[in-house]
Structure formats: C-alpha cells, structure tokens
Amino acid sequence: MDRLRRSLLTVGLTLVLGLSAATAPASAEPSAIVVASTTSTEQSGLFKYLLPIFHEKTGIDVKVVALGTGQALDAARRGDADVVLVHDRPAEDAFVAQGFAKARRDVMYNDFVLVGPVSDPARIRGVGVREAFAKLAAAKAPFVSRGDRSGTHSAELRSWKEAGVDLASARGDWYRDVGQGMGPALNTASALGAYILADRGTWLAFKNRGDLTILVQGDPRLFNPYGVMLVNPERHASVKVKEGQAFVDWLVSPEGQNAIASYKIGGEQLFFPNAHAPGTR
Amino acid sequence: MSAAPLIRLDDIGLSLDGRRILDRLRLEIAAGGVTALIGPNGAGKSVTLRVIDGLLRPDSGVVRVASRRRAFVFQRPALIRASAAANVALALKALPRRERAARVAEALARVGLAHRSRDAATRFSGGEQQRLALARAWAMRPDLLLLDEPTASLDPAATEIVEELLGAMARAGTTVVLVSHNLGQVARLAGTVLVLAAGRVVEQGPPRRILSSPRTPEARAYLAGELPWTVFAEAS
Amino acid sequence: MPILHETLSRLWTLDRDVLAIAWLSLRVSLTAVSIGLLLGIPLGALFAVARFPGRGALTGLLNAFMGLPPVIVGLVLYLVLSRSGPLGSLGLLFTPSAMIAAQATLATPLVAALTRQVVADAQVHLGEQLRSLGLSAPRQAGILIYDVRFSLVTAALAAFGRAISEIGAVLVVGGNIDGHTRTMTTAISLETQKGDLSLALALGLVLMSLVVVVNAAAALLRGHAARAYG
C-alpha cells in the first residue's frame, strides 16, 4: 500500500509541477503587452498578419483580447489592457476626456457594408444609407443587430437615427438583437435570410454567407475609422508604457501603415491607413 | 466477583431512531476467559458490544471499561482494497516501521496467512477474510477482544479455524466477549453466558447450565426458538 | 454531407498552431484537474467523515456547486484578477494561470462532491472498523480515500471533461489571445463566428479525440491497478 501510494503521489506531483512549469513562462513574459481590440479586427485576420511583423522588429509580444468596442474600453478602464484599438469615435473621445488615455491617434479605416439576401425584399440595392434604413424599417424586413455595444452596433444605431427611424417604437419581431460578435451575428443573418450591417473586413473573411450579398456600400456615412490609444499610466501604474507606446508608434509609422495597407483577402484590401491624413473625415 | 470487573455497565439506556434498544441494562464481565452474549435478534447484543467499545454513546447510565487496548471484529470483515499486510498494518500506524512489519508478519502467520501477505485482501474467501480480521485484532495485542457474530457467514471448516484462534487468544490472556447465535460454538468456547432480551440481561451463568435449564421465561423462549415476531420485526 | 467531407479533408491540413492550441488546452485542464483533485479529494472525504454543525447544509451547497456555471466563475474571477480587483497586482488576467484558476474552481467542488459520495458509501462498510481502531478523522479520511481510489478515477475524468469542454470561464479570464490563451473551445467558437464551420468541426474532432484518448488512458490505468487490488 505504501509503495503504491508513493508512486501515485509521485506521478501526481510530477504532473502538477511539470504542467505548471510548462505554463509559467507564458504568464511571466516581460515584454508582452495586452491590446484590447474589437472582434471585427481580430476576426478579419489583420492582427495575425501584423503582429509577427511587429514582433520581428521589436521583440515585443502583443496579446490581443477581442471584445466589443464598449467592452474593450471598459477593460482598459479597469487597467486590464495597455493599449486599445477600437472604432467608435464618440466613445473614444469620451475615454480620452475621462483621462483614461492622454491621446488618440488615427490608424486606419475600413467601411461598413449593408448586407442582405440576394432576393432583397425591401428593395434597398444601390440606394443611399439613409434611404436604405428607412425602407428596412418601413418594410419590417428581418434585420439582425449586434446589440453588444460594439463600434458596429453604435454605427447601426446612428444609421437608424439619421434615417429618422425611432427604433424604440419601430422595433418588433423583424428586429433581432443577438448580443454577439460580428461573426455570430452574420451566421444568424445567413440562417434567417436577414439584413445586417457588417464591417467589410469581417464580411470578406466570413465563409458561411449563404444567400447574403452586399446591397449598399460606398456611402461616406459608412466610413469606419479606427483609433489607437495608450492607456494613461497615471490611472493604472501597471500599464507597460514603453512597449505600449512602441506599438502605437509603430502602427502610425510609415512601416506600420504600409503593413496595414498590404493586408489583403482574396486580393482585396481590407483596411486603409490614415494616420497622417489631415482630420478623420 | 471479588476483583473489580474489566467491564461494568450500569443502568444503560440507549435509543436509536426513536426505538428503545437498551433499557436500564446492567452487566459485569470479569477479566480473562470468553463471555458470550446470546439472545433473540433485537435484544441489544450488538449494541451492547458497541457501547463497550465506545462506538455508541448511551443516552444514560455509566460505562466503565478498564481495558488498555480493545479490538473489534465484525460479522462482515471490514477490509480495504489493499494487500493483506496493509490491512493488518492499519491498526499499527503508531509503531516504528520495522516493528510494525514484524508484528504484521507474526499476526499473519498466527492465522495461517503468512504466504498471502501481499495478496489483495478483498479477493480472499469469506473464511480467509475473517481470519485476516482476526490477525488485525491479534496484531494490536488487545487485552479485550469484542466479536459480533464472527462466524455467522462462514462454512463449518472456516468456523472451526476461527474458533481455534479465539480459544488460543483467550488462553493467551485476552478477555473475549462474543455475540453469537451458534449455541454449539457458545458451549465450546464460553466460560460465561449472558442472555439478553428486550435491552437487558435477563440471565447469566455457565453455558452448560443456561443451555440445558434456563430459569427465566425469556431465556427459555429464546432457546426454544420462539419469539418469531421479533425476528420479523428486525428483518422488515 | 459535403461539410463532412470538407471537415475530414481539413483535418489533414491542421498545422502546428492547432497542435499548440491542443497542447495548451490539455495542460491547462490537466493542471486545473490536478489542483481540483489535491483540494477536492481531502475536502470531500472530510465532509464524509467529520461531524460538525451545518454539515448537511454545506453538503447540499457542495452538491449545488457541481453545477456552477462557468461564465459566472469566469466573471467573478475576472473581477478578482482585474487590475482594479483585489488580486490585480498579480497580473494574472489573460494568462494561462488565470484559466487554470478558473477551471480549478470548477473542478474542485465537482471532485469534492463525488469524493464525498463514494467515501460515504465506503464508510457504510468500513466506518465502524476505522473508528474502533481509534483513528483520527483525517486518518480515517485518508484510509477511505485510499480504499476508493479506483472510483476516484471517475471523479477525475468527470472533472477533466468539465474543464476541457467549458468555454465560458476561459474565454472571460483568458481572453482567447492567439498563441497565448487560445484553447480548443475558444478556437472552435472563434472559427464558428468567422463562419468557417468545417474548420470549427475539424477542431471539434481534435478536441473529442483528446477527450477520448485521456479517458482511454485513465481506463487502462484503472483497469491495470484494479486487477491488482480490486
């Protein structure tokens, strides 16, 4: 009994110690920063393309946590990220105004596309954004909303407002609020044959399209700018200023901007660098 | 009884689940020899044994047991999934390793299981398991050995071996208290018999006298194989 | 079923990334289960052996904790490990250690509750004997644990199954960071979100194979040991 117990104990302890040893280095990386970003950037595959280039140059590891824009900013407010890269200008400005970041830098933009079934029952193909959203509400055509306080969700809510639709009174069965990321929302729209506002990057990388196709695009109102901010170290001492600033600086440098421009899916460019463009619009 | 008894129970009352099991029970057992507790099912024999060992605490009354070390052997040998040697060693954790090993070996040899010390105890036959339980008790060097129907589920051959071992332990100076329904066994082993009925001792004496001419109606009824309703009550 | 065919063909093209993800899942869940066993087995056995006031209520609570929702565990742990939380200075959020802590939190009550049950069953037969030997409660618990060790393999497997298949907790405290905290479940969820269902299914097959292999290994070990001392 003693012998068997000793051997069992040895096996158990070896397992625990061995595994925790194997796990430890990952948690104690000195030059790793956490970037809170959005599901759309993560799912477009942009980071998978950019980060190895950045790591090659600086040796800094970047860990991307993909959340909705609102959640990403909240995580940064709590001090759980060093850098945020999101796309909801009013929310970003509030973040800076509250002192959670000292400055916001333009990085790039992509655009939203209004996607819907090929049959287009609400007849919005090719019309402007305002008209399209007004028609959708009038036709009570099935529409899938992210409903997750993401940048895309904000853009959608803004679009209803600009189309003169009071969502609170207009919404009914046709309006499906899924409370999830871009991908699950697209999966839902694909299954329901519903309309949906999507960012172009995720749409291009999305594979389960079913009958969905782009119906409205190119309207300036669909412009989707991304901003990057280093979390203010005066609010959270844990922020890795040096490495975080290096990442921000690299993104807006000519080299980083070129890297962003060169990321393509199926020959199509997803993000357009605009760090040095005057203004954002 | 001139010398102070080894065991003395005074006015013991005990209820389990609202049922009165022991009712102002009194008994005295002197050191040395084999004492048998007999009586119908539900009379309180097993409970009395557990009160003596301290496994059950009575609701009222005084328990005085002057033994240094007690061992208890149950009807169903309680063995763990380990070797025979490990099962015997359970009782000897306080001893230094070498002395423990020696005691285990000696005890196993005593019950004729020395050659099986490394075998899995739970794979033993019923008789071997009970011998192993006796070896564990023996290894403790008890001055008081309590047994609750130790041979009830054994065949005659295994029963004979267990009885021989009990006799040997008693001759070596251990006080043995035995609950048994096997009246032949009681006659062979016991020097004193206590008859229990309805939670008290109703009669006490040497086995030959009790078994042949019981004086109380309860003892007479038990020995005549009566009181069937208590048997059913117990089984239900 | 074209998707089935596609899924199978994707299995051949799974690259080293997938191996790394599978390995992370395995080591996180195995470590969490080991911690769960180290804490849960003694805890469960003591619950069975020791008598103390409130034992019945605590046992009920323990059994209820078997069904602890992973998302809740993840959320609470997130708030605790967040830089603004009480243990924020440890810097554990979004690391494998945080995921281990989350899964260990899920595994421990499961192991404890199952241990309590099998030990209580063993006690029916052995309890009086052990008390009669005058052993202390911890010592009795130790012997009973040893006696039921083969049944505890089942508890360990149940805990492993719960740990490796949950996503709610690891997603929240791990953050699904590519190359750092992406596990099989969060990867499957991500690929599903990207609409790459055949890749998601292929990853699902890998995850199921992992579970089957671990279970088979445990069954072999148990069978081997039980043949000696069952």
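Labels for the chains are A, B and C, by order of writing; each one numbers its residues from 1.
Here is the rule we use: a contact is a pair of C-beta atoms (placed from the backbone, for glycine too) under 8 Å apart; a residue touches a chain by one contact, two chains touch by 3 or more.
Keep in mind the model is a prediction, meaning the values are calculated, not measured.
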| field | Innermost chain, where centres are averages of C-alpha coordinates | value | C
| task | Report the pair of chains linked by the most C-beta pairs in contact. | result | A-C
| field | Centroid comparison with chain A (C-alpha atoms), farthest chain | value | B
| note | Per the C-alpha means, the centres of chain A and chain C lie apart by a whole-Å value of 31
| field | Distance from the mean Cα position of chain B to that of chain A, given in whole angstrom | value | 76
| query | Using the average of all C-alpha atoms in each chain as its centre, how far is it in Å between chain B and chain C? | reply | 46
| query | For chain A, what residues touch not just one other chain but two or more? | reply | 1, 4
| field | Touching two or more other chains - residue numbers and ranges from chain B | value | 82-83
| query | Which parts of chain C, given as residue numbers and ranges, touch two or more other chains? | reply | 146, 149, 229
| task | Give every residue of chain B touching chain C within the complex, in rising order. | result | 50, 53, 55, 70-72, 74, 76, 78, 80-83, 90-91, 93, 120, 122-123
| remark: Touching chain B in the complex, chain C uses residues 125-126, 128-133, 135, 139, 143, 146-150, 228-230
| said: Residue numbers of chain A touching chain C in their complex, please. | reply: 1, 4-5, 8, 12, 15-16, 19-20, 22-24, 26-27, 32, 34, 39, 42-43, 47-48, 51, 61, 63-66, 78-80, 180-184, 186-187, 190, 202, 205-209, 236, 238
| task | Name, in rising order, each residue of chain C that touches chain A in their complex. | result | 27-28, 30-31, 34-35, 37-38, 82-85, 88-89, 91-97, 100, 146, 149, 175-181, 190, 192-197, 225, 229
